[in-house]
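Just so it is clear, A, B, C and D label the chains in written order, and each chain counts residues from 1 on its own.
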Amino acid sequence: MGASRAVVVRHVTRIEGHGNIVVDLEGDRIKRCDLEIVESPRFFEVLLQGRPYDEAPRISCRICGICSVGHATASVHAVEAALGITPGPKLRAVRRLNMAGEWLQSHILHVCFLVAPDAFGVPSIVPMVGSHPDVVKRALRLKRLANDICCTVSGRHVMPISYHAGWMGHWPERVELRALQERLIAAEEDLDALVELFAGLSWPVVERRVEHLASLEDGGAYPMMGGPLHSTSGAVTAPEAYRDALHEYLVDHSAAKHVRGTDGTIRVGALARYALAHQRLHPRAKDAAARLKLRADSANPFDYVAAQVVESVQAHQEALDLVSALLVDPAPEAPARPGRPHGGRGVGMVEVPRGTLVHDYTIGADGRIKSANCIIPTSLNLVSIEGDMRAFVPSLVGRPSPEIAHALEMLVRAYDPCVSCSVH
Amino acid sequence: MRPRVAFFSFGSCEGCQLQVLSVEDVLPELLSVVEVVNFREAMDDRGDDYDIAFVEGSLVKPDDVAELQQIRARAKILVAIGACACLGGVNAMRNRRPVTELAREVYDGRQDGVFAALPDASPLSSVVQVNYEIRGCPIDRIEFLEAVRSLIAGTVPYVPPFAVCVECTLRGTPCLLERGIPCLGSVARAGCNAVCPAYGAPCEACRGFHEVPNFEALGEAFFRHGMTRTLAAEKLQLFNNYREVREAWEQAVPSSSAT
Amino acid sequence: MDNEIYRLPRERLDSLIERLARDYRVVGPVKQGATWMWTDVRPGMPLALDYPTTMLPPRQFFAPMRETLFRYHRGDDGRFAFEEPAGERPFALLGVHGCDLTALRVLRAFHESSCRDRLVPGRLDRSFVMGLACWTPCLPESFCRDMGSLESESPASLYVWDIGGVLLVKVQTARGREIMRDVGALDAATPDELVALRKRLRTRPEAFPAQLQFAPEKLATSLKAAESDILWEATADRCLSCGRCNLVCPTCTCFDVGDQASLSGGDGTRTRSWTGCQVPGFSRVAGGHDFRPGRAQQLRYRIFRKGKYMPERYGMVGCTGCGRCATHCPTHISIREIFLQVGRAP
Amino acid sequence: MPQVSMIPEACRILAVTPHNSRDIHFVVEAPKQGFTPEPGQFVMVSLPGIGEAPFSLAALPGEGTAEGTFEMLIRRIGRLTNLITQLKAGDVLYVRGPYGRRVEWDQFEESNLILLAGGLGLAPLRSFVRRALGRRDRFGRIDLLVGARSPDELLFRTDLLVWASRQDDVHVHLTVDAAREGWDGRIGVITSLLDGLAVDTAGTTAFLCGPPVMYRHCLRRLLAMGLYEHNLWLTLERRMKCGLGLCGNCQVDGHYLCSEGPLVSYREVRHLRDVV
């Protein structure tokens, strides 16, 4: 029996929210290997109770700063499903544009600001301002553009303002769209350079059998705005029946609920979407995937980074296409009316940057939310993250503890977990 | 010498820190005037030696209190950023109900270990002295930069004393209240350039109140525009429900007995 | 005067806009959502000749809501150098009602009384104004007829009556005549049209029932008698101190001054922006002392300024009866009702 | 003439003397063009990027201070003054002015003068004292009454000492609201200094400047002593943003105190509301 040692990282950095890595080793034997989620619970599901449904997108977007657009979208979808509202084509296009903006913003933030420092062996992007000014400037430009897409559509890049069931409180104007179009075209070079940069980086390999999940849209668009939940196992589940596929449960070391699939560990997010829908990518994004040598059947969590780069290209192309389409006729669309004003239950399931997000509301006849349940992509990934940590540690045991800690941090970070979101 | 600044967060969505990261165009300039020594969301560095601490989030779990006190002890200037830190924000909406009930609904009644929660979600000022506040949910990046500029110049940040309506009117936004939409702009503190009404949502007073809010008149205004006075109270709960913040309006606008 | 009235076929409005656009930035009332706003108009855009009234008054063009006074830049010697913004294109305002024409005269009277700022008078001189006659009150709160501004036709180079088929245009300045000549609209109104106009004007007052039972010149004296705080306190209980009444008022002139700067402080601007006596902080000095504390005193001040101080100092009542402040006040505090009350007081 | 008359001029600080921890005395280069102020006028001083505020002239060019310079006493109290009071000689302030009404001094000749200064109010009144002492033969008896909250807050102590030593020219009376050990002067509010002051009611002019609370009490006393309303002069300091009679912040009953004041006679403003 070897000496026992503990590897502990308190508050993993460069992720959103508070999580600790706790590993206890006895010689080569792993006694404990957990990702402790110590984020503070805020009880959003209870906060929503009793509130008028119009507030739901604005309350629930406060679950998370990084994916506030995603939350607002899932929320407004849930409300619309509950009230029997079918959003018009332009409304869907504008919302998808906003989502594309958020994807781009979130992915750039993750790959350039949070992950890239690992590749360059520095603690943050700050030293890179001096050492790799081009990389930093490019990242800042892309992020600014992504933020401006969100501001144009919904007023702010964090906490969208204009979301209502069936209508928009503000429609982007022609001049604004034209300005975006110009900048999107100009950004193609930056995305190209981004792909180039990440194609030249290499990451550890941790392979494990997992089930990938994503909610695929009918009609063949790349998964973003939701649809039935597809699994690499072949199973397909309707959004309202998400409970058949996703089982939430409590564990002692996490304020975020863990989720089990029908068949053990599941994974969502860029890599899962890529696995399930890579054929749906825009040609330029496919090309990026080829340059990044991203395999469709990759199960290596470190490949999340490459998949996010591919999806950045995708989001950018989609934004460009959507802006161009909206420019043909930017006039506002008439609001869609509720088919079921007395309320009922509705589920909004969308693909946010980190994976499948579910908002499930029951709305009463008084227009107030009776009950709410939210499932967050990071929660869906927690079991997988710990599984990967367990699979990764044996290849690290020979090394000094700080190195093990660093390697595990990188693994956790690769998933781009959003901890405050997962606890909500 | 560049002042050393640190960022911390408690119960929140970290959106305010994200707003700090979204100063892309001036980030290099910002880094040339301050030295960031601690910013978990974006860097590994964990300096304990700082002049200015920007703190986001409400106090929601028992450990938060001691941690905040430690930050206070180290920082020369403590700045609360965002509605959660300044007012309790959306988090304080949960204070309507006992925490045991919340735990029952969400965590099968567990309140131990990672599930522990303070009875009330509260703003930083409920525990330590806060030197300055940058309000909003989320904070406005321009206002943040203006505050940083004032602090590094050695003076106090400017805080507008008037209502969101002033900015809203100057922006030329048609008034939502006049159309019967429950807008709180007339009691809310300006500084956000009245962004919500401009994008078609009523102001929900995420920045708290201006200097002389008149809540009775707010109820009256709601009533005159075809809404109930109770609705005013209900809207005020959204961001301003922490005990001491609520005291200001609770007597003035009748609350519905609903949760 | 009749020989100065010309006919402008409605479709020629477009050529008028086109002609003006050569020399001016042309603005007119445009509907935005539920409200009317002064907005740039281009030929081809229908000019509304039947709009109620705009939320924001035309003074926004003479004293902009937020105006850069100057820019500054820190030079190599560490000192700041100052630079004025370039003068903007003069503008032409189309379709200004009598109340707002009156307000432009008030603005001029105010600025000429203390003319150390040349921005506003300069703009008043350079701009082109086309007045427009009203046939019905714009808002339930309008009382322009009582304030004598319904009949206001100056300052305007052109003044328009929409009498149905054709527009009748009175030329009031040489510049106005030049413009009419350029658009080829120097056909005199026909006798029939003039008869129709006179008839409309004669019956117009019926559409504007009297709201005050006294002449506006009496206001100053009645207000003097209304020093009692009870009146003000009762009304001010409803006031939110939101400041909308000041901001939408066509004759308010007060502003705040503030600086904006880059992060390092090396570049920036000093701007002035609208504020008013009902906006919190307006009369407060350093250390926190407020010389006019409380809503009642602030509300009273606004009313006194319009009804007493301005006529005493500038020879014109500060209220034009446009009805904006009452309409846009969240609790409908009505200056008309207050005038009525003080006028009734013994 | 520029369109915008609010552009300031860079003026170098020539000397800085703290009077206590928050009141700092500045000698400043005067603006080059047309800077010929009268006592009671003020300047607008700014730091670009921070803001602008009005400050009284504590000495006029050539009157106790060198030609081409003027003096101010600035109290650290807020956003702008926090920074101004940290400046050193050689630094630059941005100044425009002088502003305010020019009160004819001829009218005060032959008169006895009582100057009542509460706290910071001594700053503007200092230029009054200097003007009077500079033409000593044209005035009657001069009494300077100075009140401060505590001995530490007594401003311009050197001046006070010098003036006190010129018994024949000016009678200096000091009082503090509260004292600590070592103060052997008078304790009490400033009105108490009026007790026992022999005055020729018709031939005396009084000037008042101090915190808002001071005015009402002093005026009541002076009127009770028999001084004429038109001989009581007050400086009314309100919020001022332009100095040009435009921004409106300083209005009292329609009067713009930045141009119609701040120095006014009680007779002129007595009927106005919220004046004192």
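Rule of thumb we're sticking to: a residue touches a chain if its C-beta (ideal position, glycine included) is under 8 Å from a C-beta of that chain, and two chains touch if they have at least 3 such contacts.
Note that this is a predicted model, so its numbers are computed, not measured.
Considering every other chain in turn, none proves to be in contact with both subunit A and subunit B.
Most remote chain with respect to subunit A, judged by CA-atom centres, is D.
Taking the mean of the C-alpha atoms as each chain's centre, subunit A and subunit C sit 51 Å apart. With centres set at the average Cα position, the gap from subunit C to subunit D is 39 Å. Chain centres here are Cα averages; for subunit A and subunit D they lie 64 Å apart.
Rounded to whole angstrom, the centroid-to-centroid distance between subunit B and subunit C, based on C-alpha atoms, equals 38 Å. Residues of subunit C in contact with two or more other chains: 258, 260-261, 265, 284. For subunit B, the set of residues touching two or more other chains reads 149, 153, 158.
Touching of two or more other chains is recorded for residues 49-50, 78 of subunit D.
You'll find the chains touch as A-B, B-C, B-D, C-D. Residue ranges on subunit A touching subunit B, taken from their complex, read 11, 13-17, 36-43, 45-47, 49-50, 55, 58-59, 62-66, 68, 109, 113-114, 117, 123-126, 129, 140-141, 143-144, 147, 154-159, 161-162, 164, 168-170, 250, 252-255, 420-421.
Interface residues of subunit B, counted against subunit D in their complex, comprise 149-150, 153-156, 158. Note for the complex: subunit C touches subunit B at residues 32-35, 37, 55-56, 65-66, 237-244, 247-248, 258, 260-265, 273-275, 279-281, 284, 295, 328, 330-332. If you check the complex, the residues on subunit B that touch subunit A are 10-19, 21-22, 24-25, 27-28, 31, 36, 39-46, 57, 60-61, 64, 89-91, 93-94, 97, 102, 105-108, 110, 113-115, 117, 121, 137-138, 195-196, 198-201, 204, 238, 258-259. Of all residues in subunit C, those touching subunit D in their complex are 69-70, 72, 74, 78-80, 82, 84, 87, 111, 114, 116-119, 122, 253-261, 265, 268, 270, 272, 276-277, 282-287, 289, 291-292, 297, 301, 304-305, 308-310, 312-313.
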